[in-house]
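The letters A, B, C and D name the chains in turn, as written, and every chain counts its residues from 1.
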Amino acid sequence: MPDIEIGLGKSARRSYSLDEVALLPTRRTREPEKVDLTWEVDAYRLGAPVLAAASDAVSSPATAAALGAVGAAAVLHLGGLWVRHDDPASVLSRLAELGDDDELAAVGLLRDAYEAPVQPDLVEARIKEIRASGATCVVAVTPRHVEELTPHILRGEPDLLVIAAPLVSAEHVSDSNSEPLNLKTFIRRFELPVLVGGCASYQAALHLMRTGAAGVIVRSNVEIAGELGVGGGLATAVADARAARMRHLDETGVYCHVLAEGGIRTGGDIAKAVACGADAVVLDEVLAGASDAPGGGWWWDHGITHAALPVGGLWRELETGAEGAPTTEQLLVGPGAPNLLGALRKAMALCGYESVKELQTAELVVGA
Amino acid sequence: MPDIEIGLGKSARRSYSLDEVALLPTRRTREPEKVDLTWEVDAYRLGAPVLAAASDAVSSPATAAALGAVGAAAVLHLGGLWVRHDDPASVLSRLAELGDDDELAAVGLLRDAYEAPVQPDLVEARIKEIRASGATCVVAVTPRHVEELTPHILRGEPDLLVIAAPLVSAEHVSDSNSEPLNLKTFIRRFELPVLVGGCASYQAALHLMRTGAAGVIVRSNVEIAGELGVGGGLATAVADARAARMRHLDETGVYCHVLAEGGIRTGGDIAKAVACGADAVVLDEVLAGASDAPGGGWWWDHGITHAALPVGGLWRELETGAEGAPTTEQLLVGPGAPNLLGALRKAMALCGYESVKELQTAELVVGA
Amino acid sequence: MPDIEIGLGKSARRSYSLDEVALLPTRRTREPEKVDLTWEVDAYRLGAPVLAAASDAVSSPATAAALGAVGAAAVLHLGGLWVRHDDPASVLSRLAELGDDDELAAVGLLRDAYEAPVQPDLVEARIKEIRASGATCVVAVTPRHVEELTPHILRGEPDLLVIAAPLVSAEHVSDSNSEPLNLKTFIRRFELPVLVGGCASYQAALHLMRTGAAGVIVRSNVEIAGELGVGGGLATAVADARAARMRHLDETGVYCHVLAEGGIRTGGDIAKAVACGADAVVLDEVLAGASDAPGGGWWWDHGITHAALPVGGLWRELETGAEGAPTTEQLLVGPGAPNLLGALRKAMALCGYESVKELQTAELVVGA
Amino acid sequence: MPDIEIGLGKSARRSYSLDEVALLPTRRTREPEKVDLTWEVDAYRLGAPVLAAASDAVSSPATAAALGAVGAAAVLHLGGLWVRHDDPASVLSRLAELGDDDELAAVGLLRDAYEAPVQPDLVEARIKEIRASGATCVVAVTPRHVEELTPHILRGEPDLLVIAAPLVSAEHVSDSNSEPLNLKTFIRRFELPVLVGGCASYQAALHLMRTGAAGVIVRSNVEIAGELGVGGGLATAVADARAARMRHLDETGVYCHVLAEGGIRTGGDIAKAVACGADAVVLDEVLAGASDAPGGGWWWDHGITHAALPVGGLWRELETGAEGAPTTEQLLVGPGAPNLLGALRKAMALCGYESVKELQTAELVVGA
């Protein structure tokens, strides 16, 4: 499989990003209105195969309601502002007012805000707030905090739990005093379906599937790749996870969902991720450009606030004071561009696919 | 054939754009004046293998006359401004006056203008207006409107009909009440030669050829590819359609023409499209830069005016108030650059080819 | 050999530009001072394997002297300003004064100046003027004018004649009244060694070699490639001509020189062209940046002045009024950058090659 | 191995830069704090596998101390300002004050400063100055000056000696009166461990290893590649040197270290260089952006001051008067970005590697 010779005796594999691939139409076309976008994971059925990223820049109780209204779901980060502050509005409004190039001030403001302690009561309260809106309630924790927050999470009764970090492994090696999270034990015991990730290779995806997770999140992050040199393109990572899903299904009879996350910006990107093998996608920075995004136009990875080693991206997705931006709902279903779900629907119709599962069989081409 | 491994068990094919290929000269050269550019399709003989796109930005009764004068032909869209307005001049002059960055105003103005209903009488009148100029008269309809407009079209007696959409398939799957167009039945019954497209793959081209079309239009659109993730490079799509043409010819004895459309800007692009297998090309945005282009310097895809899901491009090809731009005729035959047909002629002469059909045998190289 | 599939049944070959390749050092290094740059072609021996292009922008009687002083040679175009005007100084000084973006005025000024007829007496006079400077005297004519100018050229007694056009073929097909030049007859009869080109493929190079030429010029021109779609990268074209040279040598025992022309800008470019197989190079636009370049800072291809179909490039290589630019001599031998011959020498020394002929055996790598 | 056909009968090998590769995570993750970064070369043990380049822009007695404090080491150039001037502070402060675009003034100022003669006494004094700081003391000489400076170097008693030039070969061919340095004899006789380089190919690395060097420096320099056309990407050059190390180890039982130098800017770059086979890296331009860098924000290759043939780069890495730049120490270990060693540590932890030696076994992917 590694067929590129980097140097004498050192091989590598070519890795593809979504930008490098495109869908090849079949000889059929369909009506966009007849295309079925529903996504079923465990007992839950969503109207669209779309989650919002576990970043405070895009996922909040309010956007959870907005996304729920169109069949998608937000993923509220249970280490973020909404569980550290009774009302993060003052932080967020100061952030929104910062100028387009004020990255340093934005990082400083966020770093301070994230130093407030997590309030366990707020964990339960936020979950209930989202459930009250009628939306599918999805929340995220990091591997490090999952055990201490579990009782509070269970009291809130969310629909799905995401265990999230840039890279999560089923086998974390540590000889520190605090025993690391045993994902396999935790997930099998846990009373709710769990999505876990990111991961970026066949082996990592396969081992995460074997923990009993309902789904694994395949992640690609160009900022992290640039700073840490880790990770390949999303198209290849998703296709490899698809192969892991097939093997896992063969070994266990259990279908583990594959979610794709990292720089997905258009309905075409969603369609391409699905054609590579994804069952659903996680939208990140594109949602930060909505007029009602919690980040007030800013996008950030939570890792950017790490004092010793800030890793990830922070930038204005929507300029200060810009007018005419779409709401989160409009971003997904229009009217107007990008209408991400409409574009996905149209791509599927043009290529002749009736369901997300059918789209996974699409032929791909690689462009320049 | 799919020889690129995107991931484990998921393959793809490399697709090439025209920009990636170039003609390799033979060991002969010729006189440009002796090169033969004529194109014969069905009973019609054009002086050059060139149509203008079915966009109101470039094709109008006036440009049909101008293009006819140099052997080419415009394709008037029978769902466009000329059949919705007795006189679209006021719309177009307001459009021309908009500033270079006024895309939003341009879209709004066009959207309003396209809301006027199609006037069947104008269909017949516009066709006759073009025929009166002596030009080859080519008109376009979308698959959705072809049946209702047929009587009016036939009364006008155009030379060629184009059935056009971003992607047209011979087999459109629908369970809506309105029975979709059966291309095979329609084209065989229709009294005029029909060109149909776009399409972007071997299978789609082959099935369109089997409808009895005189020609199929292979389309590549980078805006649509970006937003919907659908479609590969034009060079590969045309070469695949050439293979479909050979199979169709072998099966039926009928030669179905292949036209290439999508971002062709230079005489070299035309030459390369032909070398990939095209019999003729459809020029789009480049013609919007003519001083007499109907769009007053703007280029747009009709899809851009779709309220729920605008897809395609809209931009100023010629800046507001720019002086010294060539006319449509000058764009094609000079004097001065780009002289598209002169450049095609010169490319053929330098490479030693005497006719468009000979140029289809040219050797290609792929550059960086 | 054509191993890339553009589409079903249509193949192409990958073509490389000089920018894509680099020299791999051997395990030896040498002293730059000990490197031998001499180039012998027919009875002539030049100190460096370098000609200036047959463009009035860089080759004049004055630059012929300057280039001769460092062992190189200019190629005076016998269809250019110096044979159309007794004193082109007034044209050139007006050109030099034009602003950086005044391309239109520059083209207009040059087009007018080239409309003056060629004065046969000046042909002889300019040749003698160059010879009087002691430099190797090289002059260029187009295939179309070579026969009418031959008597005048011979009276001037240049050292080498170049028959030059963007692409020259040994077999020009024409049925016009004026019989085209029969290169084979002409070159064999002609009393001076002849270089002929451009060409861009193995077959074209081989056939030009068979005319009895002392050398063939391999040309690559990105402007022409863009406008006409013709031609691949220079590295591949030169390597193919090298293969033709080997076959020609095997068939005839005659070593035909290969010259590389087209966008060579650095000593590294020269070294790479040689490593691909060139015996010498033709420098073009880079020389237009010399403070004493005849074009006063402008670079142009003569084709740009063609009224009906201007093809090629025209731009300011040196900004109006820029100070501190090197002279032609300094460009070639320093002091200061780019010191093209010094850099060639240093590249050869670092890679362990003693002569231009040895450098032709260098190993190449292809970068991103 | 050379598997790319440039032209008929002329082959080449694909060469990769670090930017083109990325690390593929394994199925394990680790704690960053548990990652071991130490590097042992001969009798010396450094806390991190990092040297600063032998450029006065980044290595000085002061930065030697700062780098030593975090386990790395500077490489003081014994042909640079610190051995030509008792106190280079006045030169460096004038340099620091130059505007961002004042490259010409910077080159002039440096060229003058390098014309002062090397003072042998300062050689000894600077070495002792660095040793007094407690840092590992590494000094560099060019092949040309190594023999004359040896007595002074030995009196200073540095820890490691680097013999450095853009390309160093074990077999330098010269017939000049002054016998060139015989590396094999010199290194075997010399009383300290020697690192030697740059080199850029398997053969050159192998021959340098056979001189008895403790390590070889693999270098890639895009400025030199551009001007001289020599050299490929660093990933391939390092991987080839790794193969030479394996052969040398097999032949002699001696492990010769491989260092990677040239444009390494992030912790990810360091991790990728190691994954290609490097035991350590040499940081260059990135360190010039430290607030306490000796060059006051400027980066330069020493070759840039060569009057006849300036080769290499000179630019402001840190803008004049910029505030908030990290110190050299902060660049390496934070807090804040880039925290090169922290990022290396994190990359290793995410990918599951415990030591630098283990990281050399990492799987690589090649991106677009």
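Everything below uses one rule, namely that a residue touches a chain if its C-beta (ideal position, glycine included) is under 8 Å from a C-beta of that chain, and two chains touch if they have at least 3 such contacts.
Since the model is a prediction, treat every value here as computed from it, not as a measurement.
Enquirer: Hey, what chains does chain C share as contacts with chain D?
Expert: none
Enquirer: Please identify the chain with the largest separation between its CA centroid and the CA centroid of chain B.
Expert: It is D.
Enquirer: Between copies chain B and chain C, what's the superposition rotation on C-alpha atoms, in steps of 5 degrees?
Expert: My answer is 90 degrees for the C-alpha fit.
Enquirer: Could you classify the chain A-chain D contact as same or different, where same means more than half of all interface residue numbers appear on both copies?
Expert: different
Enquirer: Using mean C-alpha positions as chain centres, tell me how far chain A is from chain D in Å, no decimals.
Expert: Taking the mean C-alpha position of each chain, the two centres sit 40 Å apart.
Enquirer: Give, as an integer number of Å, the spacing between the C-alpha centres of chain C and chain A.
Expert: Roughly 56 Å separates the two chain centres.
Enquirer: Could you list the positions in chain B whose residues touch two or more of the other chains?
Expert: Expected reply: 14, 16, 236.
Enquirer: Considering only which chains touch which, label the overall pattern as line, ring, star, complete or other.
Expert: Drawn as a graph, the chains make one closed cycle, so a ring.
Enquirer: Throw together a list of every chain pair that touches.
Expert: A-B, A-D, B-C, C-D
Enquirer: Provide the residue numbers of chain C that touch chain D in the complex, in ascending order.
Expert: 1, 14, 16, 18, 21-31, 33-34, 202, 235-243, 246, 266-272, 275-277, 324, 334-339, 342-343, 346-347, 350-352, 354, 363-368
Enquirer: Once bound in the complex, which stretches of chain B touch chain A?
Expert: Listed in rising order, the residues of chain B that touch chain A are 2, 4-17, 19-20, 104, 166-176, 199-201, 203-204, 206-207, 225-233, 236, 307-311.
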